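Structures for review follow.
Look for chain A in each of the two complexes below; its partner is chain B in the first and chain C in the second.
Right after this comes the complex of A and B.
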């Protein structure tokens, strides 16, 4: 079955899905709760290293390792978020940037992370004795992605989502409404971190070799630009933003148009990112799915709510 | 009458400026109290101390005989305080309904897991939030406007949304910071009627106002602040006849001029 599909295409989709999960976590922190994070890649790295260390060095079951990676990134994000979130806006951006660099240099220098050499021989997960690779790994990542989208949707449409939305717009108002702003900011940071942790663990078991270079500032900045491009505070914005910026450069490779020299693909990618960013910021400053059609959105949503309410009353 | 809020000698110093100086005030259950005074008298600072945004340098605040000074703003709000702001602070890009729903936060309790799993208790709570919000919107006279984007409403209606957001959690004490600022005579009249209606439902109201005619008509009691000091606290008719109050508003020289003019 696997032979029918070029494994290279499968890999592209797997990494795309992993990036979307990573982006969703950042969107929760930055788009919904309004806290800029320039160190998101660090939590991706923590997830990857946790799962890798547990499986390679301690022989923990892969599934359990992935689960523990998510839990540990959640806890570490909360611990690291607590002091960082005492500052806001530009200061928070600088603080998280620093945090990201510190964590990356720990990856590079600690003994347990394999230092600059990194960790290899990270096993793929297996189910009923079958190794999950290629197409089945795509299935695993797809399930995780759908779960992530589902959880995001439910959270952001709840009262907790409204608390984040209020904190994003005006912290004083949030406090006046009885919202414990510190708690909800740290909660967003921790959940966003856990999403990154899940993405990181999935990444580690896919590539089987990780090193500190994969979790640097460039990745944090790239993910942030993907999320902003699609539209902050929009789930489909993240899906589109990540897909667009991740897949477009791959198209060059797939169709191999002779126009470009493949050696410089990374450079072309950066040129393309820059161009897309400039165009989007010029014509849609709030992102592709930013609040442009407010009227339409509110009509649909409110009447749906009212209908739900009426139905509820009839049942009651 | 039962006292709801007891403020005892609060002082707030910003650098070298004493913005609020040893002010005491008691609000009884069911009263409407007007807080007036010239610009810069410390009225909004006083509100910010009450709601915990500023910590007072001295003094204490008791709410239902419980010490609340020193609590965080969200903890004070959870005691049953609601407020509006001098410069309207709505979520301007969100709908009117969404804004009012935010006000229900402290009355709801769905946790993270319950929300993700969308338990039936959560669904019920959400429905109740919407029902209550729509009900309050019709109380403040915004029937059928729940779908509007709050930033696109008229100034007067934005104030109403803010009041609805403050009221939806059924506060024991409602603090209104200049509810009629920038309104025309007709809108002021409507706002007075609305505050009376809110008060009739049992909510104690403290409002900061510049429109003296309105507060005299509306309030059970007036407190006057001048340069951070409380210079009068009595029923409205007594307060506006108080020479110290007139002096604070129009200056000493003018007082003499006016009184000599009146005498002649």
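Right after this comes the complex of A and C.
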């Protein structure tokens, strides 16, 4: 089966799914709980490095390593989320950005992370003696993605999700309604971080080589622009936003469209992402799939008109 | 050795002060964290390079040219990315700022290629001044300090004695009240962006000349460090920003001289300071008392 499908296409889909998991985590922190994070790549990096270090340096079983990576990212993200208790909104963005840069700099300088050289020879997971690569890895990532979507759906529709949304709307109100804002804010960071950790571990075992450069601010900003495009606080928004922005540049590569110098494809990609962030914020701050969908807006407008007419009649 | 490090730190600190002044003024007026400030810094550097290489300007004219181009770019960024979003949630504006910064930085890499290049020949020679046996300073670093001082004096005079300067202060205190008193708020904002961008540009040109290297992403780290300076000094406080910038410059310079083999880069120290300040004393050194930001 593997030979029928170009492994390159499989890789694209695998990375797309990993990005969606990463985006879901960020959406949880930023979209649902309203805590802006510009350091999401750090959580992704912690997951990737934890799993890589455990398997390469300590010879831990791959599956256990992935699981431990998620647990450790959960704990570390909770700790890194603590500033959100003192700092809010745009300053939180700067703080998380700073944390992201500090963590990236630790990856680059610490001994256990392989320093500037990074870590290589990260083994792929195996099941019953079969190494999971290519198509079967796609299966593994798909299972993780579905699990992530399921968890996120259940969580956001429960008491926790409602608490997050209240905090997002107005923290003071949330507090006065008896919501433990401290607990829920840290929880949002922990779970969002754990999602990123899972994505990072999957990434590490897929590419088998990681270095600090993969976890910089560019990645945080990329993921943020994808989530923002889809709409903050919407699961399908994230899935569609990430897919759209991730696949669009890949289309140029796959179909070999020579519209421009391919050398600069990554830069054009970043230009597109940046411009999308500006334009979406300006014209549709809730994203393509935000609450004010076109259909609803039309409906609202027509009902508002009707109301206006009615009021007019009364006055007349 | 210590005195030498301190002197280098002061020179470095003045570049941070020049960058951060714009941020703190913009924060004062608009309550906005201007994310694209680092890009404006790079705009200034490239404008100076083009001025020297293609328009045959001498160094001083090129500096002025860089300041003018950067001021225009700063106002354009404000018009395009911030003005349509005024009075909405700060996050929306912040994301817009991040977006424009990413866009411009990538555009610069496409246009000028991401490889570093040397600062064009200006005909000026780098000379070293010996102050005492062990302390010396290059004329470039001395220029940075002098330009920084002159710029600060001019800024003080502008804010204190001109009508526009007073209007800026009034807007920073209360935008609504200022606009009711007949201050053209949009003009105040535009002027603030112009001054801030021009200051960032001159800092950029001097740094590029000092390290003799130009590359499109050179503004991003100083732009982010400037946030640390602003927070350290107290939001919206110009004296605080000056002290904060000098502290950061000296701390970085000392860490370079005395701490080796640290687990974090020299560039990350600023963010450690930022996080500590935000957690412990969010009002900074000279800011108005705030419980929480």
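By our rule, the second predicted complex is superposed on the first by the 279 of 316 C-alpha atoms of A that agree within 3 Å, B and C clash if a C-alpha of one lies under 4 Å from a C-alpha of the other, contacts with A are read in each partner's own complex, and residues count from 1 in each chain.
One rule holds for everything that comes next: a residue touches a chain if its C-beta (ideal position, glycine included) is under 8 Å from a C-beta of that chain, and two chains touch if they have at least 3 such contacts.
Every value quoted in this text rests on a predicted model; they were computed, and no experiment measured them.
Q: Let me test your reading of the model: by the given contact rule, A:282 touches which partner, first (chain B), second (chain C), both or neither?
A: It touches chain C, and chain B stays clear.
Q: Regarding the shared-chain residue A:97, is it in contact with chain B (first), chain C (second), both, or neither?
A: second
Q: Now for A:224: first (chain B), second (chain C), both, or neither, which partner does it touch?
A: Only chain C is touched by A:224; chain B is not.
Q: Looking at A:144 after the superposition, I want to know if it touches chain B, chain C, both of them or none. Which is it: first, second, both, neither?
A: neither
Q: Give one of first, second, both or neither to describe whether A:38 is in contact with chain B, with chain C, with both, or with none.
A: second
Q: For A:14, using the defined touch cut-off, is the partner it touches chain B, chain C, both, or neither? Pick first, second, both or neither.
A: neither
Q: Which of the two partners, first being chain B and second being chain C, lies in contact with A:181: first, second, both, or neither?
A: The answer is first: A:181 touches chain B but not chain C.
Q: Thinking of the overlay built on chain A, is A:170 touched by chain B (first), by chain C (second), by both, or by neither?
A: The answer is first: A:170 touches chain B but not chain C.
Q: So which positions on chain A get touched by both chain B and chain C?
A: none
Q: Could you list, by residue number, the parts of chain A that touch chain C in their complex?
A: The contact residues of chain A facing chain C are 36, 38, 83, 86-91, 93-95, 97-99, 101-102, 105-106, 108-110, 217-218, 221, 224-225, 228, 264, 267-268, 270-271, 273-278, 281-282, 285.
Q: Chain A touches which residues of chain B in the complex?
A: Those residues of chain B that touch chain A are 51-53, 72-74, 77-78, 81-83, 85, 89, 91-95, 97-98, 101-106, 108, 110, 112, 115-118, 122-127, 129-131, 134, 146-149, 165, 169.
Q: Under the definition above, what is the set of chain C residues touching chain A in their complex?
A: 32-33, 80-81, 84-85, 88-96, 98-107, 109-110, 114, 220, 224, 227-228, 231, 262-265, 267-268, 270-272, 274-275, 278-279, 282, 292-293
Q: Give the list of chain A residues in touch with chain B in this complex.
A: Those residues of chain A that touch chain B are 151, 154-155, 158-160, 162-163, 165-166, 169-170, 172-181, 187, 291, 294-295, 298-299, 301-303, 305-306, 308-309, 312.
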